[in-house]
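Next come the structures, one after another.
Next, two complexes with chain A in common: one pairs it with chain B, the other with chain C.
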Partner chain A sequence: MDKQNKSKDKGVKRRDFINTGVRLALGVSVVGTAAFTLKRSSTGKDYVWQIDPFKCTQCGRCATECVKAESAVKCVHAYALCGYCDLCGGYFKPGAKLETGAENQLCPTGAIQRKFIEEPYFEYVIDEALCIGCAKCVKGCSAFGNGSLHLQIRHDLCLNCNQCSIASVCPSDAISRVPADEPYKIKGDFIIEKEV
Partner chain B sequence: MIKWIPRIVLILILLTLLTGSFLHAQQRFPKPEFDTGYVQPDPSTPEPRAMAMEYFDVLVLLVVLSLASWLAIKKRSRRGLLWLSVFSLIYFGFYRDGCICSVGAIQNVALSIFDPGYAISITALLFFVLPLLFALFFGRVFCASACPLGAIQDLLVIHPISIPSWIRKTLGFIPLIYLALSVLFAATGSDFIICRYDPFIGIFRMDGPFLMIFLGMTFLFLGMFYARPYCRIFCPYGVLLGWMSKFSKWHMSITPSECIKCKLCEDSCPFDAIEVPIEQSYRDPEVSRKNLRRFIFYIAMIPLLTLAGGWTGAKSNVFLSRVHPDVYLAELMISNPELREDEENLDIQAFLEAGLTFEQLIEKAAVIREKFRKGGMAMGGFIGLALGITLMNQVVFRRREDYKPHKGDCFSCGRCMDYCPVGKIVNSA
Partner chain C sequence: MVTILLVLAGVISLGWWLATDPVSDFVTTQPGLDNRGEGGVVADIDIGAVGETLASLETELTETWPRFRGEHFDNISSSTIPLIDKFPEEGPDIKWSVSLGEGHAGAAIYKGVVYVLDYDEEQRADLLRAYALESGEKLWVRGYKINLKRNHGMSRTVPAVTEEHILTIGPRSHVMCVNRTDGTFNWGLNVEKEYGSEIPLWYTGQCPLIHDGKAIIAACGTALMVALDMETGEVLWETPNPHAWLMSHSSVMPFKFGGRMMYVYSAYGGVCGVAADGPDAGAILWESTAWNHQVIAPSPVCMPDGKIYLTAGYGAGAMVLQLSASGGSYSVEVLNEYTPKEGLACEQQTPVEFKGHLLGILPKDAGPLRNQLVCVHPDNFNQVVWSSGQDKRFGLGPYMIADNKLFILSDDATLTIARPGIREYIELDSYRVLEGHDAWGPLAIADGYLVMRDSKTMVCLDIAADRK
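On to the complex of A and B.
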């Protein structure tokens, strides 16, 4: 009886020893993986998603592929680049009359407001509440104008998903993680930055 | 001289491409000079959520995990664990929209290990590491109280039915495959499939594509009968937690002191994670010898299964690599060259506009496919090895005299503790 108990004790001890050993190995591998990962990506910065307007091909998927019903992608107007044209390629449908009627407007939701500034200049302002990020105006502005209209991910709307669902279907790979302290790629600033 | 002309042209083209960014700056229409004193507005740039808040999330996770460990092991309170899980569901689920979660963080870690260009955020890394370390010491307390995906299913366990062990074990193999696939796809930079097919994130956001919401509802409905279906049939993070928990230093127990084998807790676990005492029958020399033979056979099978898995994985690289958009596009353009003219095909049109040559795309796709060959081999080998070990464990019996939770499968939810009469006596004393 005593002998049996002893051998049982021995078994328990051996099992405990193996358990401790495996636990140690697992712990070391978890911490090791973490340390390796950290060393590998030493920046330790935080990232958010943003669109590179120079890569964007205005495919229109931003309007439909965002996980939110109202896309976090909106059109942004880099006023510094705008030519303030009367015949705005981003505002009017090609060949339309220069009147602000809805039938002449390129924007499906009428989110661009056109305002007369002085002869012959007009200001175009995006109403973000209406904008759906479809990039129709961006396409028009890039084709016929200065390209001052462009898409950006708006960080007050973006959920900063672990994997941006637009990024994974973006045909031109325009969406990438950018450092959180420079969360936008607004066209004007962006160019200046590139030239420096 | 004539020989040089193509090169000069090439250099000129390259120069033009390089200065492309400056060309962008050149405006078709010059900037107007305003006489009326009009001031140009600046585009607004709303700031992202303060990053300090993300560190706060880590702190919340740490507090929840510590509290859950205390509740499960020391306080032994099912009620406490339940309320804690409700809190996690509200905070990590509905308030933080289910992102970032530890389950998805596997992919961030995998990608950052294999892609030096990708920098993982400290938050994601800590979300990955903390629950694992806690599981190593206290069991799967993360599943019990901190995981919003687990919490939403746990609340809807209404009429759990007991599932035969062989079905459970077979289904329980799926998470391993899912884990291997998600690491492969993340490491090759193809896709984050855990996030894409997360069934509950649509419910947390109360917004999302139909399929996502439908999947979530299906899981919740199924979960009324097959408790926590996502955790048990799919969750890849659960695999890692299970390994850790199996060797945990402390673990929740059904009874606070001696088990009296009253069998009251036997049916209390909706996840069939309670192991009943094993009788001495396996000591029967006949059975014992048969088991030993099977044991040796399975051990011999492990290297074979690993090799077979590795071979199959490496061979399936063509099929698997199609998940990567570049490979998909390259294959599509080879098999359907007429699609080049198709204005409707956004991927091809965007590619043609971007100015890359077709050969460059093919080259890129070949590199990715090679990655998939290596990765697929590792993945297949891993699955084979895991299968071998699972089989081997089928014939390993340890003498068990008490009712104990299976340390790998137990979510530490604490339901069984309420069934233990010993606990009642200890509590009232």
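On to the complex of A and C.
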């Protein structure tokens, strides 16, 4: 009888031990996850995808590889770098007349508006609703101008996929995760980390 | 009943579909949407009205760099003074430094004096400034009031200097001739007003030419080219401009071929050779419209066998013409034309001919060789003999040869010394001389002093080896 009771007592203790252990592990993981999440949100260490304009080679894949039907990549304009030229390599096809006719424009969707400011300056404004992120203007601006036109991932459009489909095919590794509290790499606003 | 309703609905839908224009809200992209202005009235400018003498100079220096691309129009110094092939640890010896208006105007040097046509942003004036080569002391200024706005810099030409005269051309094509020694005004010409010329984008880049006592200017208005007496400013001849060619940033290059001296000019519209002397002086000896680009900055490189190498940026690439002479008449044919990725092409500077090869810096749209210094042989401009390598890229800055050394200036004013060769690129040293940017103004060298600039500062370096 004593032997039986003794054996029964031993079995209960093992079960209690396992139950307690499981509860403790769950508790620790829940508290840990909550603490980690709280810490991340409080320190702003979420990450989003962004393009380094100094690495971008204007290959055109941003327009076609994004999972969204209309790419989340758009051209942006660093006005401080712009020369406001009459002959803009980002606006005009090479050798085209310096007129706003569609046949002269480099942009396939007419997403750049050109406005005369005063002699000899012209302003170029991107209509993001029309921009498809093809980088044709960026290529022209980089080759013949100051490089003020460049691509950026728009976070109001980006789904922030776990694996960015553009980043996986980017030939120059120009797309990487950046802190969500500094989601853009606008030319003139950040310094190149390393000269290539 | 249902069938009738369905038919009726179908007819209405079809009518609506036919009547509705799905692109009615589209806006046609057509010329004029930028509201470009009509252009202002050409201003009357009192050329030569501004000036003062500040100091006089006694000097024993005798060498010259008298114009754009030097004495022989080849960007090669004929000086025999040995030059350094390595910079001192602390950098080159900067003898003096001056602040200039934003621009890319290069200097000319004549017997110990540096001349540069600057735009003074405070005085709002084009000013020809004279400095002592050794000390940088200001000697005199001469110029004229004119309102200009920044347009990737303002000044961008090199004066032409002879023993008696200095000839300049300003951003809006105002030609000024002054006495060399004291800057006394001789005569002026408002090219835009006199010839109805259209000023190129980013202002005038054509450097003036003094040749055989004449001022040679590509006016590209009612006259294509004009020659004026250097003493009086009197017009000696005017070349007609039947095709209404426009002024480029290229400069007029003298060239003797087929027994005749001619002036070769690459305009917007075409390239031509104009008789320099004889009873038909000023007549077009030959022309070609095959070379016609929107922006042309480099000047033609004319080779003794009649090849004329033409290049430009903005995707233009290069073209090689073959000029032939027979019985006093000339003909020209296109030998080769290619894109910047296919051979030697330059956006801003003119290539240098060295030992039968051409050296030049490729533009940004030249593919893997972009911004590299390359060497080609004129028998095959498409085959690069050597390049400076992917770790040694330059930009739009100038390059020249002196004392068998190649001096190359990068956009950020890093000066590189290399050994010019026809087999490989051999770099000797490099040093960032200035902290500015857009160091595009042509280099000038005389008596072992190198004058260079970035967009706002000009410096004089003592690079003579024997003075070290």
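Miscellaneous remarks
Basically, the second predicted complex is superposed on the first by the 146 of 196 C-alpha atoms of A that agree within 3 Å, B and C clash if a C-alpha of one lies under 4 Å from a C-alpha of the other, contacts with A are read in each partner's own complex, and residues count from 1 in each chain.
Note that in this section a contact is a pair of C-beta atoms (placed from the backbone, for glycine too) under 8 Å apart; a residue touches a chain by one contact, two chains touch by 3 or more.
Computed from a predicted structure; not experimentally measured.
Looking at the shared chain after the overlay, A:G110 reaches chain C, while chain B stays out of its contact range. Using the contact criterion defined above for the overlaid structures, shared-chain residue A:E99 touches chain C, although it does not reach chain B.
Counted by residues of chain A touched, the larger count belongs to B, out of chain B and chain C. Of the two partner chains placed around the shared chain by superposition, chain B is the only one that A:T33 touches, whereas chain C remains out of contact. In the superposition on chain A, contact of A:V67 is made with chain B only, not with chain C.
With both structures placed on the common chain, the touch criterion links A:L130 to neither chain B nor chain C. In the superposed model, A:L87 lies in contact with chain C only, and not with chain B.
Under the contact criterion defined above, the residues of chain A that touch both chain B in one complex and chain C in the other are 83, 85, 118, 121, 144.
Partner chain B is touched in their complex by these residues of chain A: 19, 22-23, 26-27, 30-31, 33-34, 36-38, 40-48, 54-55, 57, 59-61, 67-69, 76-85, 117-118, 121, 123, 125, 144-147, 154-156, 158-163, 165, 168-169, 171-172, 177, 180, 183-184, 186, 191, 194-195. Chain contact summary for the complex, chain B toward chain A: residues 21-22, 24-25, 27-32, 34-36, 38, 40-43, 45-49, 51, 54, 97, 99-101, 104-105, 107-109, 112-113, 116, 118-125, 128-129, 132-133, 136, 191-192, 195-196, 201-202, 205, 207-209, 243-244, 247-249, 325, 346-347, 349-351, 353-354.
In the complex of the two chains, the chain A residues touching chain C come out as 83, 85-87, 89, 94-97, 99-102, 105, 110, 113-116, 118-122, 142-144.
The residues of chain C lying in touch with chain A in their complex are 28-37, 39-40, 149, 151-152, 201-202, 293-295, 313-316, 363-365.
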